[in-house]
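Each chain gets a letter, A, B, C, D and E, in the order it is written, and its residues are counted from 1.
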C-alpha cells in the first residue's frame, strides 16, 4: 500500500514538474529548470498579467550594447511553418531585417528595438498561445502579424482583452470590421482588403469588356474572401459569373475544374489563390488550350509563381500592390523610393528572386508601429492612439491614413494591375 | 465543349492523378507487406525525390542524372530511416512503429522547409508542354510520363517479385516471416530493403510528377493520404490492387469535381470508397488478412 | 484493478492529488499564457481520454476524431450566433447531436476492421471537414465563424483565462472520473475484453458491436464538449483546427501517453502540448534566430526518441520502470528467486495454433 | 437460469442437438455432415486426429463461424444463425484450445467478464457509478470469486492474468466460462499442456462441474482423460464421424486406432 | 552431429521445455514422439533458432548455435521443415523450392543449385508436374512434399521434420515416410517429429518419447515400439491391451 501511495504521489509530482518546467522555460532565460528546486523556478516566472505596459526594467535583457536606453519590445507572429509558410517566411525575414536596420541607425528615439518573433504553425490555437506569450512574458508593446486571416481573427479577442495593439498582416476585411459593422479598437491591418483589390480587378475587367467570368478559387479563407467580394461587386459592374469552381490548396491538378469552366465558355477566367495551386491552374489552363485570358489574384505576387508556372505565367494579369512594378512607376509616385529601397535591401539579404508582397505587408506593420512609437513612447494605449492617427504614411502596400472608422487605411491607389511578361512584372495596360 | 469531351477530359485527368496515387500506394504496401507498418513518412519520400531532383537540376546536372541521383539519395534516406528509427525500437507494437514514422515525417518535413523554404519548385516537363489532342480532350506529354512511370514501376515490381531471388525473398517474408527465416532470409534485412525500395518508389513518383504538380516541402501529406487510401481500397497487400485503387480514386476525384461539385470532390470519392469497402470488406484485391496489422 | 498495475486506490489518490494540484496551480501560474496552455491541455485531455477509451480499451482505431471535436465546436458556434441559443444549452445540444452522429456512423463503420476501419474513420473526418468548408451559409466557410459569445452563468461571465482554466479542468476531471468509472465497470471490462480477444468476448456474451458503438458515442461526446469549450473560449472558429492533422495529433497524444490507461491520455495530452511550447522557448536560445522550422524538427525527433525508448508510452513505460526498480529492491531483500513462484508446471501447446484447426 | 432448462429439454432428453453440421472454408470441407447430441448431465467428448474438424465443430456451435448447412438446437430452440453473444446468453459457453485469456486484465476481471450476460449495468450507470451498478459490481465480484474457488485460483485473483502459468490459465478460462452459468460447457483441449497431476485435478474438476448440473462437451487429445471422464465419445476424422460410443467401445475400434496410430503398414 | 544439452525454453513465463537433452548421430533417423502439446515442436524450434533457449546448449558439429538466429543456423546446414508445412502459398512450386536454396545463391554455382532442383523433382515427380502452380493450390500431401523438398534445397546435413504426415490420408503418410527413409539413404540425417508413432518408428533408428517438456524415454525404434508406455502416451492408459 505504501508503494502505491508513493507511486501516486510521484505521478502527481511528475505532472507538477512538467507544468513548472513550462513556466521556467518560458519565463526565465535559462533553458531548463532545475527539477530539484521547482518552487524557485516558478518564482522566477515574471509577474502577473496586470503589469504595466511599460517594459519593466528588471525583466528586460541587457543584450543591446549599441543603444543606451531600454529596448522597445515588439512582438511578431508569422506562419513560418504549415500551409501559410510562403507568407510567414518572407514576413519573418523582413522583421529580422528591419530590427537590424533600425538598431544600426540608432533605434527609435534612441531606444533599440527588439522584435520577438513567434511561429504560429499556421494554426489558430498555437497563434493564441503565442499571442499570450508575447503579451504576458515578453511584455511587448504591440504585435505585428499574424500572417493568416483565421489566426488574426482567433487572436482578436485576446489582444482586445489585453489591450495590446495588433497590426495584422492578413487580408480579410473581417479582421478590422466586426460583424455588426463596428471597428475593433485594438486591431489594425496593412494588406489591402480584398474589397479594394477586387474593385480594381472588376474595373479592369469591365474596361476590357469581359462580361462572362469563369471563377476559380482555393477553398480556404483567402479564396473565400475573394469570392465573396467578387460576387458582391460583379453585378453592379455588369459582370456575370458563368462558372464558379473551387479547389483545395493542396490539390495537384485542376483540369477538371477548368474543363467545367471552359464548358461554360467565359470571356475571361479569374483564379483566386496562391502558389503552388495558383500556378498549377495557369499551367493546366495552358495545357487544356484555353484561349481566354487568365487573371489571377495578388496571391501570386512573388517570383515563385513565375518560376514554377513557366511559360504559362506569361500574359497573366493580376491586381497587386505597387511593389512588384516599382521600377516602372513614374518618379512622381510617392511610394517609389520606399519600394525600391525595400526591394534592394531584401534581395541583397535574402537573394534575388525572394521578393514578395507578403514581406511588404510585414514592412508596413513594422514601420506603422515604429512610426507611432516615435510619437507615443512605450505605452500601449498611447501607441494605439498614435497608430489610429497615422496619416499619409508611405508604405510598401500603399499610403496609409488610419482613422477610427478605418483600421486598414488604404484606398484604391494602393492597388494596380500587373502583367507578367517574359519573366518580369510590368504594369498592365 | 461537348459533354462527352468533358467526361473524356475528366477521365484523362483522373488517370493521371490516379497514376500518381498508385505509385505512392505501391510504396505503402511495399513496407506494409514486409513489416506490417503503415509508413506515414511515405509522402516525405515523394517530396524528397522531387526536391532533390530539382536541386540537382538547378545545379546544372542533366535531368536524367538528376532523376537517377535523386532516386538513389532518397533510397538511402529510406534505408537510413529504417536503421535509425525503426530497427532500434525492438519489441515495439506496430502502432508504436507507426507513430515513429509520424515523427519521422514531421522531422523530414521540417528539414525540407529549412533546406528548400516554403516556395514551390518545378522541373521542366520531360518532353515539352505541348498538349496532345485526344478525342477532344487535351493530354499533356508529362501525363504519359507519369502514367508510363506507374506502368514501368508496376512492371518492374512484378518482374522483381516474380523473377529475382531477392524479390522472392521479400515476398516470402511478407507471406510468412518465420518460414522465411527458416530459408535463411533475414527479416531485418528485408525490412531494410523494403524501406529503401519504398523510398525509391516514392522518389520516382516525386520526380515524374514534379513538372505537373510542382513540388513544395509539404506536398507529402496530401499525397500520402491519397496514396494510403488507394492502398487500402486495393487491399493493402496487392500490387495490382494498389494501382487499381490509385486509378479509382483519381478518376472518382476528377469525375466528382467535374460532374458534381469541385468543393465536395474528396467527399464524393470517400463515399464511393465506403460503398466499395462495405461491399468488399477486404478491398478490391485483398485476399489475405487485410484486417491485420497496423492500425 | 486496472490492468497496468495501478489500481483503484492509486486512481483515487492520483485523482485527489491531481485535483489539489490543478486547483492550486493558478497560485503559481497566474500569467494568462500559462493558464491558457493549461486550458488547452484540458481540452486536449478531453479529446485524448475519449480516444483512449476507443483505441486503448476497445481496441478500435479512429483517424477521424477531430471531426467530433469540430462538430461540437460548430454546433455550439452556430446555435449561439445564428440562433442566439444559451451557450450552456448549446453545449448540451451539441453533445447530444454529436453523439447521434457518432451512433449513425458507428453502426456501419464497425463492420470494418483493421486498416479498413482506419480508412473509414479517416474518410469520415475528411468529409466532415469538407462540410465545414463548403456549407458556408451555416459555418461561414473557410473564413470561419466570428462573434461566438463567451460563457456566463448567473451573471458570472467566463471572461478571463483563469475562469476558463477552472471551467475546462473541472469538466476534464469530470470526464476523467467518468472514464475511470467506466473502465472499472462491467462495461469497461466488456471493452477491454474486446481488445483482449474479441472472439472470447463474444462467446462470453459480450455484444462487442454494441459496446464499440457505445464507446464511440461517449468519445464523440467528450470531443464535442471539448469543441464547444474551444469555440466559446476563442470566440472564433474556422475549419482549420479540425482537420486530419489534429486527428493524427490526438492519436499521437494517446499513444505517447500510453494506450493502456486513461491516465496515459492525460499525460500524453500534457506532454505534447507542453513540449511544443517549451521548444518554442528553448530552441532560439541554442540557435540564434531559429524559429518554427527548427522547432518542428526537434519535436519530430523527440517524438521518435520517446517511442523508441518507451514503446508502450510514457505512462506505462514509467510504471514499468518504477515497478522493475521496485522489484529489484525487493529481490535484493529477499533471496527467493521469483521465477520459483511462477514456475509453471505445464507446457504450452505447440507452435501457433489458430482458432481454426481445419 | 438453470432451473427453466428442465422444461425446455426435449423429450429425448438432449440439451444440445447438432444435426448434419457442415462447414467448408473455400473449397476445404472442415466438418462434413457431423451430428451429435449432448444430454443433460452428460460428459461428451469429441476426439480425432489433428485437423479432424473438432475445433471447427465448437466454433459452429458457439456461433463463431456460420454453418454452411445443418441445424443446431439447444433447449428445443434453433440457435444456428445467432450471434455468439446471443448463444452465450442462452447458456453455452466455452474455452479455447489456444488460450484466449484477456491478458490486459486481472484474473478476477477475466472471470467477471464471464458474468456479463448475467448482469445488466449499462454505460451510463457505470460512468456515474450509481448505487445499483456498484451493488451489482459487488455481486459480480463475489460470483467471480466463487468460480475462481471452484477451479482453485482464488488466491491469484488480483494478479495480472498474463502472469499465470499456462496450466492455471486453462483453469482460468474454465472459471470464466463457468461464470456465464452455462447449461453446456464446451472445453477445447483443456488438458493440452497440463502436467500429470494437473490433468488428474482437471478430471475431478470436470466431474464437479457436471455434478453441479452443467453438461460438458469436450474436445481432447489426452486419451486417458477422455476415456476416464466421458460418458460418450464421438470420433471425427477428416470432418466425418467415424465412430461413436462409450469409451471402451471406442478404444477397441479398429478404425479409431488406425486413425490415431497410423495404419499398419503391411 | 547434433547435441542438445539441458535445454529449457519458455513462452513468456511459461516453461515449455524442462531441460531436454538428446543427440543425433550422423546418418541416423531419430524420431521424437509424444502427445500434442508435449513440447516436440518447441524443441525443433529451439534447435533451429526460431525460439531462444533460456538455459542449456545446442551444439551442431561442435559449434554452439544456441544463440544464433534461425536465418544464420540454416546456413550452417540445419534445415527445418516446419509444422503445417508453411509453404509460401501465393508463390509457385518452383519459387518455393528456389527459396529453399536462398542462402546458397551467390556462394555456389547456379548449375549446382539447378541440379539439386532436378534432384528434388526426381524425388517428387508430382512437384515437377505442378512446377508453375501456386503452392497454396496444392493438396495437403503435395504441399508436404513441397515443404520437404524446400527444406532439402538448402542441402542440409541435418533435416528437422515436424509432423510431415499431419492431416494426410494414410496412403500419403506412407509415401512421406518412405521418402524420409530414402533421404537417409541418400545421406541426410533426419530428426523427425511424428504423431503417427508406428510409422515413424518403423523407419527410425532411434527415438525419444517426450512428455510435458521432458524426455521420458529413449531407445532404439524397436524398443520403443514394443513399449506399452508409448501407446498409453497416445491413447490413454488401459489401452495397451489392444494391439
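By our rule, contacts are C-beta pairs under 8 Å (C-beta built on N, C-alpha and C of every residue); 3 or more make two chains touch, one makes a residue touch a chain.
From a predicted model like this one, the values you see are computed outputs, not experimental measurements.
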Common touching chains of chain B and chain A: C
Least step count from chain A to chain E, where 1 means the two chains touch: 2
Maximum centroid distance from chain B, chain identifier (CA atoms): D
Comparison of A-C and B-E by number of C-beta pairs in contact, larger one: A-C
Distance-maximising chain from chain E - centres being C-alpha averages: A
Chain C-chain D separation of Cα centroids, rounded to whole Å: 38
Distance between chain centroids, defined by C-alpha means - chain B, chain C (Å): 31
Whole-Å separation of chain centres (CA-atom averages), chain B against chain D: 48
Junction residues of chain B - those touching two or more other chains: 110, 113, 221, 263, 266
Multi-partner residues of chain C (at least 2 other chains): 133-134, 292-293, 295-296, 342-344, 346-349
Chain D, residues touching no fewer than two other chains: 50-51, 163, 165-166, 189, 192-195
Contact footprint of chain C on chain B as seen in their complex: 38, 40, 85, 88-89, 91-93, 95-97, 99-100, 102-111, 113-114, 221, 225, 228-229, 232-233, 236, 261, 263-264, 266-267, 270-271, 273-274, 277-278, 281-283, 290-295
Of chain B, residues touching chain A in the complex: 1, 6, 9-10, 12-14, 16-17, 20, 110, 113, 117-122, 124, 129, 131, 133, 138, 140, 209, 212-214, 216-219, 221-223, 253-255, 257-258, 262-263, 265-266
Chain C residues touching chain A - in the complex, by the definition given at the top: 6-7, 9-10, 13-14, 17-18, 20-21, 25, 28-34, 36-38, 40, 133-134, 136, 141-144, 146-147, 159-161, 230, 234-236, 238, 240-241, 263, 267, 270-271, 274, 276-278, 280-282, 285-286, 289, 291-293, 295-296, 318-319, 322, 326
Footprint of chain D on chain C - complex, ascending: 1, 3, 5, 178-179, 181-182, 185-190, 192-193, 195-197, 199-208, 214-215, 218, 260, 342-349, 352-358
Chain C-facing residues of chain A, complex: 1, 3-5, 7-12, 14-16, 18-23, 25-27, 29, 31-32, 42, 45-46, 48-49, 78, 80-81, 85, 88, 92, 96, 117-119, 121-126, 128-130, 132-133, 135-137, 149-150, 153-154, 156-157, 161-162, 172, 174, 178-179, 219-225, 228
